[in-house]
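Both complexes below contain subunit A, partnered by subunit B and then by subunit C.
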Partner chain A sequence: MSFTVTSEVTGGIAKLTLAGSLDSSSASQLQAEIQKVAGEAPTELVLYVADLTFMASAGLRMLVFAKQKLGTSVNIYLVKPQAQIIDTLQMTGIIHSVHIVDTYPA
Partner chain B sequence: MAEYDLRIDYYPTHEHQDIKYRRGHVLPFGATMVPNGVNFSVYSSAATSCSLVLFEKNEPQPFAEIPFPDEFRIGNVYCMVVFDLDFERLEYGYRMDGPFEPTQGHRFDKTKILSDPYAKAMGGRDTWLGPPNWDNVYPFRSRLVFEDFDWEHDRPLEKPIEDLIVYEMHVRSFTMHPSSGAKYKGSFAGIREKIPYLKELGVNCVELLPIYEFDEWEHSKQHPDTGETLINYWGYSTVNFFSPKSGYAAAGKFGMQVDELKTLIKDLHANNIEVFLDVVFNHTAEGDHRGPTISFKGIDNKTYYMLTPEGYYFNFSGTGNTLNCNNPIVRNMVLDCLRYWASEYHIDGFRFDLAAILGRAQNGAPLNNPPLLESLAADPILAKCKLIAEAWDAGGLYQVGSFPAYGRWAEWNGKYRDGIRKFLKGDTGLIGEIAQCVQGSPWLYPTRGTTAGINFITCHDGFTLYDMVAYNDKHNYANGEDNNDGANDNESWNCGAEGETDDAYINALRHKQIKNALSILMVSQGVPMILMGDEMGRTQWGNNNTYCHDSEINWLDWGLKDKNADLYNFTKHLIAFRMAHPALRNRHHFSHNDWKGTGYPDISFHGNTAWQPDWSSNSRMLAFMLDGHYAKNGSDFDDYIYVATNMYWESAYLELPKLPEGLFWHVSVNTDMPAGTDFFPVNKEALLGDQYHFILGSRATIILVGRPQLIPEEMPITSPEEVAAVAEAQVPKAATAAKAKTTKAKVVPAVDTTAVLDPAAPVKKTKTTKPKK
Partner chain C sequence: MNTETQIFEASVDSLEPMRDFVSEKATAMGASTKQNYGLCLAIDEIATNIIRYGYPLAGITDGKVEFEVVNDAGKLTVTLTDSGLPFDPFAHNVPTEEDMNKPLEERPIGGLGIMMAQQSVDEFKYEFVDGKNINSFTVNIQST
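Presenting the complex of A and B:
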């Protein structure tokens, strides 16, 4: 399944909407988008991932990348991740680096 | 997809099947990500040609095979950079041509695709017991890993080894049982879910049975009677030394085993728990001349394996082959491997399986000055890692006490295990040996100090602690070898019935024996190690060699924690006691002198009569006392500690050594008492009424603490029976007293001893100050 990502930054909050399958072939798209929004020094990063069906390790890498790129003080929110994505985040421990929420703002 | 780097040294010069590549870097060996590509480097001393074979993940056939051009070989090293590969979906291997001349040590086979000895992850066994495709042209596939894990502020903990309490565990067994309640059963993530348990128990180091990629299907077979599938469950058979076992990761099916393991280690460290790996550098999964060709055998057989002059495999490991560890090439691989685990995975220590093999020359003879062991001991990256040897091998080399240590190596103290086991079952002639055991075995390690010995009574090999007191003989029929496998010298005693019994007396005695064993272990100088589940009476139903069972024989039944709550609570107390008392954790041996002029030597031995131990051959009782002024070899301060252990079947009337003025004996542990009064928590110990005598039960152990008395508002206690009766009532008040102690409030030691001896006389509440620590 193909991957799409769109982004906007409003009021210092970066919002990215992800859909499809995030793997090594699509991770660079997300990386480019994170780099783009990082230029505006957001205070929070919100990823809308309800339509994201799969996240491979390259996808996880992007969360780590985002944290390093934006700084550890920038909270990262994942809005409505599917169960399989939450599982992956749990197993690898990255769930502690992000906030899982049903809506944003919560 | 890739944005080309501007560096001019990373552009393609060659092309093959539309794949671009160029000359590579000889070092580092393995596959390394470089700008826009991957550098591949592999060595072989005798190959005549080599090609790189590339697969898409899980595809049956390679998508490309690139021969290394002649000019890409420097010395014996083949290297190239290949561009535009999908890091995450790539699986790679090598095909090597060369002579097949077993008598010369060469076994090249160009029909085989070989995995990289330096691969950092393996595909092919992604999930535990996933059914293998036996027709796979390349079953164990080398993969790439990202080394961008977010460790934040973590690094190895570097705790002093004498302060460790090691918990030996099997990754899968720890949480696989349905009772574990873990979401990710049998995995690294499952252990992470159980970190609160490890914290509660109090251990500060976990030692994981092998986690290097192995093949659980190796030598798998059906039990001839039951039909049960028996497998390579423990994993003492390495496929690749740099790769974590994918089947141990819940995320292994996504290829994320590296992330999952690193997350576990990071979280254990955050909880102050070190991580040791049990590493198997003595042999590999390739077996002997009949075994499979996975990697080393086809890349450089003569270099990697010890061979007889006829070209057969030496078998010092008991498993078919022996890694040629003191060949300089292999030695470097071992060193590279350990450096990788120490730096990339933040591993705190390594336990080397059958480490005596690492001290053998290439012809198998033991070396006086084995270069590998010396290299490891002197390595700057491993400088703070604990190095622990299993100081024997299957070829008869037994080096406990004589393992080449270079001031660094510790070893599993097998003689400690044997001595304590014999003592526990009532053998005579052991009092001198037990005195050595509790001192940290100075007879074995006269110059190496107490920390040379890892003290243990049980480990994965052999009986569990419960089985040690429930079985006289091994019961290994489930292993399918007609009970012929496994050791026969178990030094165990079943307490009166073989196996499970309804006899309450026998069951009570078994629990008491377990408490005796753990008590001695936790008051011994040296580094204690306990086996997973021994704290709750785990049984393997008498099986002392459970290497092949993925079943409840190995899985930890968490229900035992409630069923044997007395054992669990007792173990927890002993661990807390050890951690609270630096006098138990010296780094150097006792001096047996009173060099501080306290009136007592650092350690003294006692018998029925104080200061007169009975060393005679029919004695089964020993007591010792530690003077807290000599804690941590005199650099710390502690209470006085008196331990007496009696393995005779009748009780012993002990005269206690007299304490300095103002100090009083308190009971911390008495294994003769039933649950509830078998121990008193740290700082809530029960004051001993009779300060001069103690009736030590049959097959029982006591631990007393000599220190100022804490606000004695109750009548003094005069006998073990009264300890039992008063214990419950006293605990809350003692708790109050303990609080008072910590806030430097009233401490009342100076009691008239005649009053203590007379239960009818009230205690004088004389206020004095606590001796300055």
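Presenting the complex of A and C:
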């Protein structure tokens, strides 16, 4: 499934909605979107990922990139990731750097 | 024993067709969702390294990656063969805790992906034979 990403920044919160497969071919689209919202200096980054079906290491690097681009004080939320994506976040230890939630705001 | 092969262009645009090819075979052989995903993740990571580094660093612009899928009594093995630069994933450092905190541009190339490939299948082997890299990934379908 091809990758799509859309974004909006409201009240200092950047919200990105991701769907499809996030691999080495599509990660640049997410990088561009992160760079776009970074211009508005958001205080939180919320990624809606319920329809994200695949995430390779290129996608994980984008989470690291977001943290570095937006600042380490900016919390990253992943809303409703699929089970296999949670497995990958656990395997790589990146789960400790993000917040996994069912809804945002809680 | 049942064997199927397919050849893909070494391009990032091939990653999705590669995963679709493997996923279709894994589903047909009765792999679980977790096994199927793990296999697709492992082949995606190694194929990405071949496409992004193996062929470009060898100066080859029209590289190919050959996929062979073998079903041998419930053991599903996917083998990727390429003619890019010799690259032994087991000789590569995987990320340390310290690496996880490094800026993106300083992170080891492919290290995170290799760690994921190693952990996502039951067996992962690498050989360099007759100028070709041979990466094989096995999942034990009957064991679940």
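Assume the second predicted complex is superposed on the first by the 106 of 106 C-alpha atoms of A that agree within 3 Å, B and C clash if a C-alpha of one lies under 4 Å from a C-alpha of the other, contacts with A are read in each partner's own complex, and residues count from 1 in each chain.
Quick note on the criterion: a contact is a pair of C-beta atoms (placed from the backbone, for glycine too) under 8 Å apart; a residue touches a chain by one contact, two chains touch by 3 or more.
Quick caveat, the model's predicted, so the values are computed rather than measured.
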Checklist entry - Is the arrangement of subunit B and subunit C around the shared subunit A a clash or a fit after superposition? => result clash
Next on the checklist: Contact-wise, after the overlay, does A:Q68 reach subunit B, subunit C, both or neither (first, second, both, neither)?
Outcome noted: both
Checklist entry - Does the superposition put A:Q90 against subunit B (first), subunit C (second), both, or neither? => result first
Next on the checklist: Quick check for you: in the superposed arrangement, does A:A58 touch first (subunit B), second (subunit C), both or neither?
Outcome noted: both
Checklist entry - Where does A:S7 make contact in the superposed view: on subunit B (first), on subunit C (second), on both, or on neither? => result neither
Checklist entry - A:S21 contacts which: subunit B (first), subunit C (second), both, neither? => result second
Checklist entry - Looking at the overlay, which bit of subunit B runs into subunit C, 2-10, 164-172 or 254-262? => result 254-262
Checklist entry - Of the residues on subunit A, which ones does subunit B touch that subunit C also touches? => result 23-25, 56-58, 60-61, 64-65, 68, 88, 91-94, 97
Item to check | subunit A contact footprint on subunit B (complex, rising order) | outcome: 1, 86-89, 146, 148-150, 183-184, 187, 189, 192, 249-251, 254-256, 259-260, 263-264, 266-267
Checklist entry - If you look only at subunit C, which of its residues touch subunit A in the complex? => result 12-13, 15-16, 19, 33-34, 37-38, 40-41, 44-45, 48, 51-52, 95, 97, 100, 103-104, 107, 110, 112-113, 115-116, 119-120
Item to check | Complex interface listing, subunit A residues touching subunit C | outcome: 1-2, 21, 23-25, 54, 56-58, 60-61, 64-65, 68, 83-84, 87-88, 91-94, 97
Checklist entry - Hey, which residues of subunit A end up touching subunit B in the complex? => result 23-25, 28, 56-58, 60-61, 64-65, 67-68, 88, 90-94, 97
